[in-house]
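Structures for review follow.
Here come two complexes built around chain A, the first alongside chain B, the second alongside chain C.
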Partner chain A sequence: MSPGSKALSEFVAEATEILDALARDLLVLDERRGHEADPDLVNGIFRAAHSLKGLSGLFGQERISRLAHGTEDLLDRLRLGKLLLDGAVLDALIEVLDAFQALLGEAARGTESEGLSARVETMAARMASMGAPAEVAEEDPLDRLELEAQVRSVFTEYEEHRLRENVRRGVALWRVRAAFDLSDFDKGLVELNARLKPLGEVISTLPSAQPGGAHGIAFDLIFGAQVDQAALETGLKGTPAELSALTVRPAAEAATSALLQAAQPSATMRSTSPRGGGKKKKRARATPAALPPEARPPLLPHVPEDTEPGPLEWPTSDAALPADAGGAPSPAHVPGPSSVPVVAYLQGAAKASPKGLSVAPALPAGAPVSPQATLTADTSLRSLTQTVRVDIGRLDGLINMVGELLLIKANLQRLAESARQDGAVALSKLFGQELARETRGLERKLEALQEGLLEARMVPVGQVFDKLARLVRRITREAGKEIELAISGGEVELDKLIVEELSDPLMHLIRNAIDHGVESPDARLASGKPRRAVVGLRAEQKGNHVVIEVSDDGAGIDEVRVREVAITRGVITFSQAQEMSRRELLNLIFQPGFSTARSVSELSGRGVGLDVVKNNLGNLSGIIDVWSERGRGTAFHLTLPVTLAIIRALLVGVSGRTYAVPLNSVLEIISVQPREIRTVERREVLDLRGQTLPFVRLARMFALPERPVSRHFVVVVGLAQERLGIAVDELHGQQDIVTKPLGGRLQSVRGISGATDLGNRRTVLVLDVAALLEEGMAVERRRA
Partner chain B sequence: MRVKVLIVEDSKASREYIAAMVEAVEGVEVVVTSSGFEALKLLPRHRFELIITDINMPDINGLELINFVKKNPNYRDVPLFIITTEGREQDRERGLALGAVEYLVKPFLPGSLEALLRRYLKLP
Partner chain C sequence: MSRFSELLDDFFYRPDEDVSGLQDFAAGSDGVLPLVPEEVPEEYLAFRLEGECYAVPIRGVREISKVPPLTEIPRAEPQLLGVMNLRGELLPVYDVKMRLRLAERAPLVAGPDAPAPPRSARILVLRTETGPAGVWVDGVVGVVKLKPSMLEAPPPGMRAGDRDCVVGMGRRGPMLYILLDAEQALAP
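Take a look at the complex of A and B:
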């Protein structure tokens, strides 16, 4: 099997999934910095690196494989307790993740840059050198556990480590036996695991050698309980589980006290040790049947020659060795109070990571940058794959619809056949009714099919949010700020295409918020704010649209300086500036030509290529809006349609031409007499239920001959808070359309988002409502 | 009549890659699954002549699967191959000690796998 392009895309798709999962887990670890890491989480990350290594090896991706190998090693040492998960290790892992993404990007494009290859080498070397080995425990706590050698022999190294940790901490161990029917044992086990998980740790799941009958299967779960026996029994009520305690022989007296003493400094240990201590007494009462030396696992002789000598090596001495049992918890397992117990991105982390390893060259705040440069300076957050995961239930539904459509097709065929044989004359009213019924059925089914297909394209916007969260960490470190990222609404669904296209504009806005919106910790303290700033990323569905907010509680935008800069740059004239409201002034930051390199440092804040962001959003039929209050912060609101693929449109006629207006932005249609049109400050407006509505004539906007009319049809469109009345001559009705982009020169025509085929070989242009809304204000201003 | 080989591997791309290589051997039919649980369910439903299993998997690990197979009188004679990656020697040794006959280190050469399959499946 040669790794052709299909194989490559499969590889990229699976590797992307692995990296996404890895990134999510790392983020959780990062947020819990300074706390003891959840072993399941560390193991999950290890498994991800392990899978990535195997996968990339299979597909001949040597650089990824090499880096994954180094990462897996590091994680293996972590999960086996040979290495402490400190800030430096976490930073290294996060940088490695970035590198993986860059590598995967190159793999997908079939390129290999030398810079990246060199970085892989540096990183692999750095990871290999990380971490001092933990103190050597002289006695293996596992030897105190009475468990059949046979059972012990099926543990993986990791499971064995978890078991050892539980013994060492004095956790009560149980064997939970449960028999299930062979046909659905996995459901039963999942349920049992769900019950057990809150009560402690499921260390291993062993299928029993003696299944319960021909159609049954039994499992032994080795379980470390954080609760007492009564609570465990209550928790398992109603399950087929039977409990039996595993006996652990007490460690030597001195060793026990050493263990407890050593545990004292740790906040996390303190919370568990009293419970552990309680168990200890209980266990001491258990029969301390000495384990004969021969009973030790027979499989281990291989180990010393295979693994490097380390603290986890099996004791070669007898199990009864007095030793300071359990190995006093080495510092490696006990994060002291000196670690930083905050859930935040702290600038201090910067010291731990050599700058040279960061993925994208950091842009120093205030450095001259062109908008394009900023957009590409960070690794793009777009996915490398074009795939969407679809729930099989949804697909089944679609297949069913196709089945029903085939039925309708058969009926129509029958009708067509009878019409052909009888001729037009014989066509009865009954025939017409039947045909109409079938057509209605066809219409309903097609609508359902369309809806189903659109749903299949939906993905949660959280996919982008996760990637951005990682970015925030990096930028924060580079900018020397302290920031907490507040994310919500990640479950809101959008068309895959939109989610992909959103990642760059969002990245840009977030970068701006951190670089320029948020003040330095000292400046914040001086103005009476908490040291740590909050950057918010929120999504919310509002009808057919999704609103995404990027906010910060920084210094806000100084509109006076926006005005100065806009005048200096010739974006507006002085007299125009006089007439502008604060909101209009703020919106100038989206004007091309407003943001130039120098304005970055001149303007305590934004302006870096926001016109680019605005254009990107415009391509998605979305609009961007800014709110800002000095001293309190800034918020950008991005309003986007849920999908772009197929839209319902209103067809309108102007000067004999037809245009399509996306119906999702049409609020209402009104009829207006020419005398109702007023002029306020040289702009045409209408009064709509007491509100002033900006008004444009489509004919005038596209420089078409205007016809004298006795009344105008006015299509009222709106996005977010913006409203605009568009005057047209005729209304032709509604139709579903698929918008095709315009190529070449037509691409830059303002007010047109694309073209569509109406099905009768007529091609019409589709209005870009977002652009028209802006034009509605700008046109008048230019004329002024 | 073709002989059946069970492949247990949770990584989709690896699973399909290995399946493609096994399937390329004439006279072999492949059954694949992504989890140890599924493998336990499949065992009574087919007559497998060979099982190839990964070690690190989410539900039950490959060692447990090997142990289960070797302890069950119905399956104990089915030869088992383990799939491992570099660096997991201890798990590999345990697998062999539990009764697996061969181990495949990813990435391995298709040629060597084919030779092993022919040997254990007693194909010409």
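Take a look at the complex of A and C:
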């Protein structure tokens, strides 16, 4: 991030969010390539591009702004049906997304490379020239629809286009009329929209000519139904919606009707529609009471008793709207039998003419309208999510704070306990009891707080999966293979930091799977497999851990050649190789000296840096395991803790030192007499319910002075399938700890993942169970 | 008696105390002034190691701390004495005496068997390229201002560490300061 620029980091964060949304929608479009594109999706992408343009303009990011502008133009033509969404357009959009990401990266670093600037220019030019315009119908199908011209006149260009499309395709069109109470109509409308969504397309939402009662407001939803009337009626049961069909005349009548409609007088009354104007509308901020009395009459000039409110619609995107600056009223007329007063909304163009026009509903009974009430969910400019972006560092700070509170709580508990037990007088005993009770209350609340904070850090692992899906698309194209990416478990949640750190290892694994694991389509056909290979990305929660699997149904790893290479590279000796199991051989691919790009890809199809992958995972207290069968494929299993921030730890004592063992990797604790320790080929093992358990003495491993003990406590730790018994002298109980990583100069320390503070300024080291397991297994392997 | 001496101790030395003004005052009053105008003196922090007086540029010193309980890191290189917790921050603490051949082996200062640290011992928290690092010193002497003309090259016959941790000598009045390159002295 560029030095010290908070604004820039804000920009990057926000833009990243937009790009993520953009990428998600694009991915869906891409998956449904060849099908009719979901108009909502296209519209969503358009809006994302639009926001990006605005945002980057605001922050002076010219290149992003320029590209976003081109993209927005293209998307605008798409959503208005002036352009067909074909493969070329989709590819261009995906390419643009990549460019956006590159641009954002440069923006974050505060650099600007020539190459990228040129790329932006060419891309923008290409998008501008892109155009296989959709065929234009000679007559406007919309003319055949029996809809009042005034209603029609308030449609946005986009809505008009959607309506036209629906008429052209002969979709049954309905006017869904629903009245809601003013106090919560936004909720009602959202619910109605949610009900309608699966049944078809909501083309436009207009305030109804039919009044919704004294405290109500009614809406007309123009709806293109994908289902028949009966299904629609069932679908809307329980909502205040009334259906009426909109008739579409056969083509011939169109001209006449258009003429007729044009001839209708259109001046009776008008309630203005809130169009155009500034980005953040303050419409309806003012309540009628706040209105200067003289401001009202001119707004509703001659309201005859037999007229109704005109249509009201909210813009979905300002850019798409004709700029109707200042919210000048344009006449509209909807004939209808109503004497109930009018609901008229005026655009709150406060800037333009604060007195005259920043006006809200002219409500009959003077019923106050809360500002919220005028916002509908679907079209509101208020952001749809109730999300606050928080820097992860702040959360870390809060979690540290909770850790310290927990220490204070522990001290309080001790005080209470001692007061209760050693209290000389009855009074102090009573006080001790009181204190103990309060402390328990504090404990519960602290636990809830801690849990809440941890939850706040959790994000779905799907965030990385989405990014990887894009990557797969690109690599697949480059590698000339046919691959289907099967993703599942994207909803499994992990600590944000872990998810961030995961993307590189996962990318490595997936790249390997595509580059080397999966055979070419022809080779696959030859070996009797389907042309299209499947690369799987699966997440699953298992207790305190999350297991992520990256699999392919490719050729698998040839362990014989792994062995050869390992021997020639001196990773293992020949005699060691003789005694190694297949699984052990496969695990050699994670050895540092083993994988160099050339030899490995020639040999078995596993690419660069599996040792790096393993290390990265180790830093996250994770472990990686490989399964492979020749001809059937390969799968990597990544086992990760759910969070690293606060962990419950077992405190153990060895030679007078205290260490913390993360409890999520402790399987059990057993007490062992020295005579129960056996040696198999000079290494110590334990017999645990008939299973041989590798065993290390922590004191010996850490080269601490060993003390004679009458019995060992053995902490059995496990990750994935690995098990190891670690002998310690004493157990000190459990405690929640906030781990601080051994950063900076201490990164290379083996077997320790961090340190924690237990109060009294005593620093206690946290054992890196994954590394110890690794080491224990290495000892085993070396001695085997 | 111990309580009284503790009080005295606090009175004489407080690591977080800003004494630079006092030091300036002291430095200005020892008669070496006036300075030659173009010679800009640099401030060094002088400290004792095994009775010898060493100094490092003061801008490389983040703070001076009393010796807290240190936690030894198993299987670490011998000059890494352990880690300390400084207001919630985890810092490695190093011994430089071995590197400077002042001692055969690192002192036992961390872990359950370590004796209480000497009263005058301090940890200098230095800024290094790889993050902050603590260095054990036997005592802090004070801040000295050294002008370029007071600096000399290290004497050729001098016993230096494995690498040239000593970058020069500083002479001020009767005192001789061995100027230490902290980065080198702490290099693994």
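In this section, the second predicted complex is superposed on the first by the 574 of 784 C-alpha atoms of A that agree within 3 Å, B and C clash if a C-alpha of one lies under 4 Å from a C-alpha of the other, contacts with A are read in each partner's own complex, and residues count from 1 in each chain.
In this section, contacts are C-beta pairs under 8 Å (C-beta built on N, C-alpha and C of every residue); 3 or more make two chains touch, one makes a residue touch a chain.
Just so we're clear, the structure is a prediction, and the values are computed from it rather than from any experiment.
Contacts of A:N400 after superposition on the shared chain: chain C is touched, whereas chain B is not.
By the document's definition of touching, of the two partners only chain B reaches A:L189; chain C does not. Within the superposed three-chain model, A:F431 lies out of touch with both chain B and chain C [touch as defined at top]. Look at A:E72: by the touch rule set out above, it reaches chain B but stays clear of chain C. When the two complexes are overlaid, the chain among chain B and chain C that reaches more residues of chain A is B. When the two complexes are overlaid on their common chain A, residue A:R657 makes contact with chain C while staying clear of chain B. In the superposition on chain A, contact is made by A:L55 with chain B only, not with chain C. Looking at the shared chain after the overlay, A:T156 reaches chain B, while chain C stays out of its contact range.
Chain A has no residue lying at the interface with chain B in one structure and with chain C in the other. Residue ranges on chain A touching chain C, taken from their complex, read 400, 404, 655-657, 701-705, 740, 742-746, 749-752, 754-755, 757, 761-765. Those residues of chain C whose C-beta lies close enough to touch chain A in the complex are 68-69, 71-76, 80, 83-85, 88-90, 92, 111-113, 128, 130-133, 186. Listing the residues of chain B that touch chain A in their complex gives 10-14, 16-17, 20-21, 37-38, 40-41, 44, 55-56, 58-61, 63-68, 71-72, 85-91, 93-94, 97-98, 106-107, 110.
Looking at the complex, you find that chain A touches chain B at residues 1, 7, 10-11, 14, 47, 50-51, 53-55, 57-60, 69, 72-73, 76, 150, 153-157, 159, 182-183, 185-186, 189, 204-207, 209, 211, 217, 298-299, 302-303, 306-307.
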